[in-house]
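Heads up, the next two complexes both have chain A, just with different partners, chain B and then chain C.
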Partner chain A sequence: MKRSNEPVFWSLFGAGGMLSALIGAALVFVTGIGVPLALLLSPDLMQYQNMLAFTQHWLGKLVIFAVIALFLWHATLRILLLLHDFGFRTGIGTKFIGNGLALLCTLAAAYLLLALGS
Partner chain B sequence: MSAQSGKRRPYLRPISGWWKRDPYFIRYLAMEATSILIALYALILLFGLLRLSQGEAAYNGWLETLQSPLSVGLHVLLLLVFGYHSYSWFKIMPKTLPAIHWRGAKVPQPVITRIGVAAAVVLNLLVIAGLAGVQP
Partner chain C sequence: MSDDNKTIEMEVLRYRPEQDREPFFQTYEVPFEDDWSVLQGLQYIKDDLDSSLSFRWSCRMAICGSCGMMIDGVPKLGCRTFLRNYHSGKLRVEALEHFPIERDLVIVVDDFMEKLARIKPYLIPKQVRKLEQGEYLQTPGQLEQYRQFSTCINCMLCYAACPQYGLNSGFTGPGILALMHRYNADSRDGGRDQRMELGHSDEGVWGCAAVAYCSEVCPKEVDPANAINQNKMGSAIDYFLRFVRPRGATG
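Up next, the complex of A and B:
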């Protein structure tokens, strides 16, 4: 029997869904509201030097990579389901484009994090 | 045999407006639609990473964009959407798990949902509180 690739996508979906459910709201608050408006948080938190140091630490790299990649894989599976629900014939082609875009962004994040050095 | 018989298009049940038939469908769609904004947030972060790799001036431009009223408004919407995602995630979680038993009894689904939501609230607050303590 040919092995299905579905479990891979569903695992990434689950991991991204769980991570975003547990800390997504906090991240949105920090990067989009708290730091830009200096609300509860220091506006220097995301200053260039600090973010550079964060992305040059292996743990910082891991956190940023996990958030960007897993959020995207989670969203991609649901967006493909949504397209299906609204009557688009989501065959191999649509899945290929959707998962391809997610893969492309994952590789871009990995490349940028590696290029930022340590 | 007519030449057209093989080309006839199959009957497709019309599905437009199906989601208006039942409030459950609307909740289902709201849950699925959170994914569009979750993807958008990931792309905002990915773009920030790209700007960071391009140097200080590029990165500061991204930071400035984050301070615009449009961006702050978008992030308030994102905050609500992520909140709804957390709630709906733990609402469906017990339905996707095998039954969990504790002290010989099956743990009811609402209990699992409440534990999940509580964990999400605590972790989200811990992240913000932890970063609020950082004074670079």
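Up next, the complex of A and C:
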């Protein structure tokens, strides 16, 4: 029997799921509620200079890359599974578009993060 | 607590291939007592109202796995579901979903039986022991590794619950994959590699979309979704490590 290639996508899906479960809610609070409304957090926290410095540190780059790329791979597979569960035919074409988009955004995120320099 | 003249309407799916063009519902008015199961209701119909009704049953105590059926759209064992819980409404009984109907509530189980054989559901000893060498010993800890998965009664409720099996019957399905795990996780067994050829494929654990309804309907708390998820992890590790593992080694 043919070995499935699903482990590649499932691993990224699993990693993204784990990461979003751990920090997803906190991220929504910090970026969407805490900082804009100055609730528990300083509104200056996400000022341009602070964020630029964050992205220019290698650890910051790594965190942003992991959050963008793994969340995307997780979302892609989740959407593909949902379409499948609802009875849409998710053949090779849908997978190509979904995973292609995730790959494209992953590469774009890597490129932009590196382009910001250190 | 019980009043004497309680009755319930049972809508039963009928299909007799020699005379019915398609399945239809037939309604029976069934008198019952508080301790009557849905299976007992069906037996009442067969004995007293309509002897032409066909359904599978044997033990009446949730151990033989014969009386799986859709009860108000949910896969359940007829023998451990009670009529009183559906009183004073109607109750709809259908053949298990996702299987072809042979007759009335009797389904064709050929696909399940064929797949069951494929995963070699028996111990393949790691090292064959001669009679004089004694038993294959196991610690309670080693038993705990697979005990839960060994309580499956092949009732196929999880197959009726699994949307993936419904969409693509090529998928090996929850119950059988849980049994595959039962033997793989047994310390006395050495047949993992033989079984995982199927396990690693899209028809194996990777056909599962982690809906987990199988574990919800399981009458024996086998938790097939858990077994499949553990095997996804194992299969993924094997997928990446097979390139670096020394030849001849087994995982």
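Here is the rule we use: the second predicted complex is superposed on the first by the 114 of 118 C-alpha atoms of A that agree within 3 Å, B and C clash if a C-alpha of one lies under 4 Å from a C-alpha of the other, contacts with A are read in each partner's own complex, and residues count from 1 in each chain.
In the analysis below, a contact is a pair of C-beta atoms (placed from the backbone, for glycine too) under 8 Å apart; a residue touches a chain by one contact, two chains touch by 3 or more.
All values derive from a computational prediction rather than experimental measurement.
K.L.:
Is A:87 contacted by the first partner chain B, the second partner chain C, both or neither?
P.N.:
Touch partners of A:87: chain B and chain C.
K.L.:
Check whether A:71 is in contact with chain B, with chain C, with both or with neither, and answer first, second, both or neither.
P.N.:
first
K.L.:
Does chain B (first) or chain C (second) touch A:79, or do both, or does neither?
P.N.:
A:79 sits against chain B, while chain C stays out of touch.
K.L.:
Tell me which touches more residues of chain A here: chain C or chain B.
P.N.:
Of chain B and chain C, the partner in contact with more residues of chain A is B.
K.L.:
For A:7 in the superposed arrangement: first (chain B), second (chain C), both or neither?
P.N.:
second
K.L.:
Based on the superposed arrangement, let me know which partner A:63 touches: chain B (first), chain C (second), both, or neither?
P.N.:
Neither: A:63 stays clear of chain B and chain C.
K.L.:
Do chain B and chain C touch any of the same residues on chain A, and if so, which?
P.N.:
In chain A, residues 81, 85, 87 are touched by chain B and also by chain C.
K.L.:
How about chain C: which of its residues touch chain A in the complex?
P.N.:
Result: residues 163, 167, 197-198, 200-204, 206, 209-211, 232, 235-236, 239-240 of chain C touch chain A.
K.L.:
For the complex, which residues does chain B have touching chain A?
P.N.:
Contact set of chain B toward chain A: 15-16, 19, 29, 32-36, 38-39, 41-46, 48-50, 52-53, 56, 59-60, 63, 66-67, 71-72, 74-76, 78-79, 82-83, 85-86, 89-90, 116, 119-120, 123-128, 131-132, 134-136.
K.L.:
What residues of chain A sit close enough to touch chain B in their complex?
P.N.:
16-18, 20-37, 40-42, 44-48, 50-52, 55, 64, 67-68, 71-72, 74-79, 81-82, 85-87, 105, 108-109, 112-113, 115-116
K.L.:
Quick one: in the complex, what on chain A touches chain C?
P.N.:
Result: residues 1-4, 6-8, 10-11, 81, 84-85, 87 of chain A touch chain C.
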